[in-house]
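There are structures below to look over.
Note that chain A is present in both complexes that follow, paired respectively with chain B and with chain C.
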Partner chain A sequence: MDTNKTVAVIGGGIAGMEAATFLSARGITVYLIEKEDKLGGHLLDWERLFPTMRNGSEVVKFLMDGVKADNIKIMLSSKLTAAEKSGKGYNLRINENVDLFADAVLVTTGYDLFDATKKEEYGYGIYDNVITSADLEKIFMSGKALQTKQGNVPKKIGLVHCVGSRDEKAGNVYCSKVCCVTGVKQAIEIKQKMPYTEVFNFYMDLRMYGMHFEALYKKAQADFGIQFIRGRLSEASEDQNGGIILKVEDTLMGKPLKLTVDILVLLIGLIPAKGSKEVGELFGLKNGVNGFYKTTDQHTLTNSSNVDGVFFAGACTSPKTITNTITDARAAASTVAAYLFNYRSLERKIEQNEDFWLYNTK
Partner chain B sequence: MSFDWFVLPFSIGALILIVVLISRYILWVIKLSRADRRKSWRSVFSFKLFQAVWEVFNESLLHRKIFRVNALLGWMHMTFALGWFLLIVIGSVESKFHKEKVFNMPYDPIFLRYFEHDVHGFWFAEGFTTIMDTILLLLLVATIMAVSKRFFKWIYGMKRTTKLHPGDQIALASLWLIFPMRFIAESFTAGIYGNGGYLTQTAGDIFATFLPLKSLELGAWWTYSSALCLFFLFLPFSRYMHIPTEVFLIYLRKAGVKTPDNKLTGFSEFETYSCSRCGLCIDQCQLSETTGYDDQAVYFLQKLRRNILQEESSHNCLLCGKCTNICPVGIDITKIRLLKRTEFAPEMLFNYRHYENVIHHDERKVDVAYFGGCMTHLTPKIKIAMTGIFRKLNIRYNFVDENGSICCGRPLKLAGNHMQARDLMQENKRIIIATGAKILVTSCPICYNIFKNEYKFDKIQVLHHSEYLNLLHKEGALKLTPNEEKMVYHDPCELGRMMNIYEPPREILEKSGKLIPVQKEKNFADCCGGSLANLPLSEDNRRKVSKEALTKLLAPSPDILVTACPLCKKTFSNVSDTPVKDIAEVVYERMIE
Partner chain C sequence: MKTFGYTIQNDRQIDFDAADKKLYRYVAEKEPDINLCIFCGTCTATCSAAEFKNMSFRKISLFLRRGLTENLKREIESCMFCGKCTLVCPRGINTRNIIFNIRKGIEEYEF
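Moving on to the complex of A and B:
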């Protein structure tokens, strides 16, 4: 049941892939535009996934099976450089030389990782043995053993939660949603690989909201002996052997704590993507208070934008887990189809209430 | 003796004013410390009195400082002050000639034209009339300027002028009336008796053509006298209190009196009442520009005078010192605000015992003690640069707070907690002296300020690292390979306005690369917004202040933004896409081993 409709999906991460799959199933031609030379986005750099420890590559494979449809035109190493309204749809220019027309645009530009060098006090980019959660995944993926830069087996490893999230000074007041449980997952993985290494997680709150997350957290403590210390890291410095000296306050004990670890892992948060900003400027898309795209409504119109014919899916509107992203992508596909085929469902209106009052800003 | 009933309002007003002023000043002098009182008596019989008179002439009459900042405003203030002063002085001399008496009534010079119709009474009488008319003309122009400033402040380059309270408004209205009324009264009299000068006579002759001057004359003089009376009565409760008070303030300053570090005295009363509410501080205030709070220096002092100051107002300030910098009266508003905070500060008990477990001090005897400070520990690139420089140059140093530290005490002081700060300072001082170092180098201007001003080391020279690095470079120990990167330098408030260190960082940066000037620098530099002096300030507002300051700094599109304060570095790093570096990092990168 081919239709003559086309949709451009901007971003070939998991949201873009799954949305493309579901759009194509309705007979819509999809241009899946990805700036890198591979589909899969950030998931390609992640080894195993919480809470089940499934391999990320299995999910990528599942999603790849979806985008094999004939009416999905995958455009790799492609960047949207211009967009112009044309009738009800858009004329889009890719890489300065390819022009195409789309009846609707689905933006799936995802997120960027917080730049940990912004928290200079944690020493990322300064001390050799300070790495980020993303670096740790790359080490896991490489299959190499986790070692200090000096080539030693780490005896103690610290993981710091909320780096660049819930941090007014860093300018990000929101919760990145995935780091708490990633911290628990990575701590367990370290323990699985190196049972004799002591692992400490420093947290403000542990938000185990998802199904099975709490069980994972419990397992981390009961079966793996991972120590969870409530307190935000105040500063890190380096000792002569390359060890990282941590100054933390244990807020449950009410005492300052000094601890030297061999490797420090920073659980970096998710921030609005640079790509979102560029694409947003082309279409005139509105950002919310935290810099992610602003959806038309917080509860109901969660895939609609302020621009007619442009929709959102995935982590470009807020940090999301893989589960959430896939669900959101399918919802977006449905919303785009409703728009293209004039379903009554999109005619519904809801009174807008601003979220700005939550913040002391305008 | 010349007399008419209309002289009474003026005379009574003047008398009341004198009584109020004298009683206030006596009260404030009593509130001075004994030592300060002694200083002020002694200086009466010294050269300092002449210095004070000279400065009063320059500042209270000529208004040199306002001239420097804003020429139009300077002219207005000068003509008002000097003009009125000359009107009184020359008028008095003139009246003494007319009356041929050395001691005549105080109101005689004021109302001379009413009583004295003969302008040819003595050889220079006409000369006097011409001079007096000229002064009156200048004063009338000044009045027009003053009125226009209220309504067209942009002419004077001001975005905002001071909002006035009722006392000020009445005094202002009467002041606006005084000179036009004098002009009208004198013209009316001249129109009848022909005793005016080129201005008043001309005007009087014109008025005579269409006004019944004889019946209006007395009324005009009554109005003039009443305007004076009203001004005198409201002066002590208005901004114009600065006119008499500043004279005493200048004298006290010359006598060496100042506000002590720990409490406010009568001296700050003299300072507070010397504020003319000129409003130059208003446009300087980044915080009010961003947040809309009306707690700039002028309003803070106004609240202080009216005794309605709330704790919030004392904290609504970054203590960047820009208002103190611009103040033409030289009021140390930053200090007054800080000491007011102390009055509001709650008693707090601290327990520093846990330090014993955390801090392990290096007891080696060394040449240089290096104190990074808390903020430097949060910007470790700075401490890596400094310790790297020490090592490469083989300088025997001791990193005092390497393994944890005691705070220098200034953040507590900035919050008003002087007593608690003292405890920290004592302990810290003991630790620093124990290093045996002759030089104490710190990377943090906040620490530098308190080490230098309040620790009172006997044998230790305190240097900020920008001074120290510049010194090493001048001595030839530190050699640099400059590169082509374009740099702009941000003056930290605590290092610049508070400590007057402007040149050493610039000198060393010029030797390290291309330093390009920025629009607002040195004592006019903006605050980065990170100030520790305003803890209740929301992060959002802080970021706004930072971004605005950053935009100006990055206007010349530099490759890097350089500063000399870990707090400024941290604050700007959070909002800047251009790399932000400390001066120590720049030097460390470019030094030749």
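Moving on to the complex of A and C:
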């Protein structure tokens, strides 16, 4: 049931891949346009996944099986450089030398990771033994042992939640959603590799909202003895041996607490992608208050943009888990198909609250 | 050795029904930011006074809400108005101004 419709998917991460798969299944030709030389996006840099500890590569493989379809044209090392409305669709230019036409565009530009050097008081890029959650995944992926810069086995490791999220001083007031459970996952992985290392998680709230997340948290306590301390890190400093001295308030005890760790892991948040900004400017897409793309409606039109024929999927509209992203990608494929085949479902309207009152306080 | 007698058992319960919220209302009017606290303790962790004295802005914020003025008065005396807590607060609360207004309120109402 081939149709003569063509969709350009901008971004070959997990949202783009799964949306392409489901669009192709409806007989739509898909250009899957990725700026890197591989599909998979951030998932390629993540070893194991919460809450099941399955390997991320298994999910990548599953998604790759989908995009093998004949009517998906994968374009790697390809960057969208111009877009122009043409009839109901768009003329798109890739890498300044390839032109193609698409009846609709699905934007799946994902997210970037918070730059931890902006939180200077935590010492990333200044002290040797401060790393981010993303750095820790790279170490896990490499198969190498986790060591201090001085080459020692760490006896104590601290993980700090909400780095670059829920923080007006960092400019990001929203919760990044995935870092709490990532922190619990990584704490367990550290313990699995180094049972004699003490692990401490410093948190403000533990947001274990997903199915099985609470179970993972309980496992961290019961089987791994991970210690959860309720208090947000105010600053870190380095001692003469390369240890990292932490200053927090143990808020449940109501006392300031000092702890020296050998390695400090910063659980960095998800921020709007630089690529989203570039693509957004080409099409005139609106951003919401937090800098992610603004969907037409918070509850219902969650894959629609302010521009006719341009749609969203995945973490380009808000931080999302892998499960959420894959689900959203399929929903977006369905929404794009509704647009291309004039389904009545897309004619429905809902009143908009343009002036997003939640943020008027500051 | 004490073989008989009475001791006074202080009631540990916060009697929130009877709480005097006058001071809280006074401060909230001058500095509505007081309502934004998420009790994360960053302010206390950075406070130089907190290391040595019973002094925690996070607790002050709670004492104020719960109407525990006696505890509040005791804690607030150690504040040096250095403003470090304001620099680190993730909710962007003007903590220094809150402490300032609590002191003013205490004077005004002669607690």
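Quick note on the criterion: the second predicted complex is superposed on the first by the 358 of 362 C-alpha atoms of A that agree within 3 Å, B and C clash if a C-alpha of one lies under 4 Å from a C-alpha of the other, contacts with A are read in each partner's own complex, and residues count from 1 in each chain.
Assume a residue touches a chain if its C-beta (ideal position, glycine included) is under 8 Å from a C-beta of that chain, and two chains touch if they have at least 3 such contacts.
Just so we're clear, the structure is a prediction, and the values are computed from it rather than from any experiment.
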> After lining up the shared chain so the two structures overlap, which partner does A:308 touch, if you call chain B first and chain C second: first, second, both or neither?
Replying inline: neither
>> Taking the superposition on A as described, I'd like to know which of chain B and chain C A:84 touches: first, second, both or neither.
In response: neither
> Now for A:248: first (chain B), second (chain C), both, or neither, which partner does it touch?
Replying inline: second
> After superposition on the shared chain, which partner residues are touched by A:359: those of chain B (first), chain C (second), both, or neither?
Replying inline: first
>> With both complexes superposed on chain A, which partner does A:256 reach: first (chain B), second (chain C), both or neither?
In response: both
>> Quick one: is A:171 in contact with chain B, with chain C, with both, or with neither? Answer first, second, both or neither.
In response: first
> Once the shared chain is lined up, is A:120 touching chain B (first), chain C (second), both, or neither of them?
Replying inline: first
> Do any residues of chain A touch both chain B and chain C, and if so, which are they?
Replying inline: 121, 168-170, 234-235, 247, 256
> What does chain B use to touch chain A in their complex?
Replying inline: 354, 358, 377-381, 384, 403-404, 538-540, 543, 570, 573-575
> Any idea which chain A residues touch chain B in the complex?
Replying inline: 118, 120-121, 123, 126-127, 168-171, 234-238, 245, 247, 255-256, 258, 359-361
> Residues of chain C touching chain A in their complex?
Replying inline: 38-47, 50-51, 56, 58-59, 87-92
> Given the complex with chain C, which residues does chain A contribute to the contact?
Replying inline: 121, 162, 166-170, 204-205, 230-235, 247-251, 254, 256-257, 362
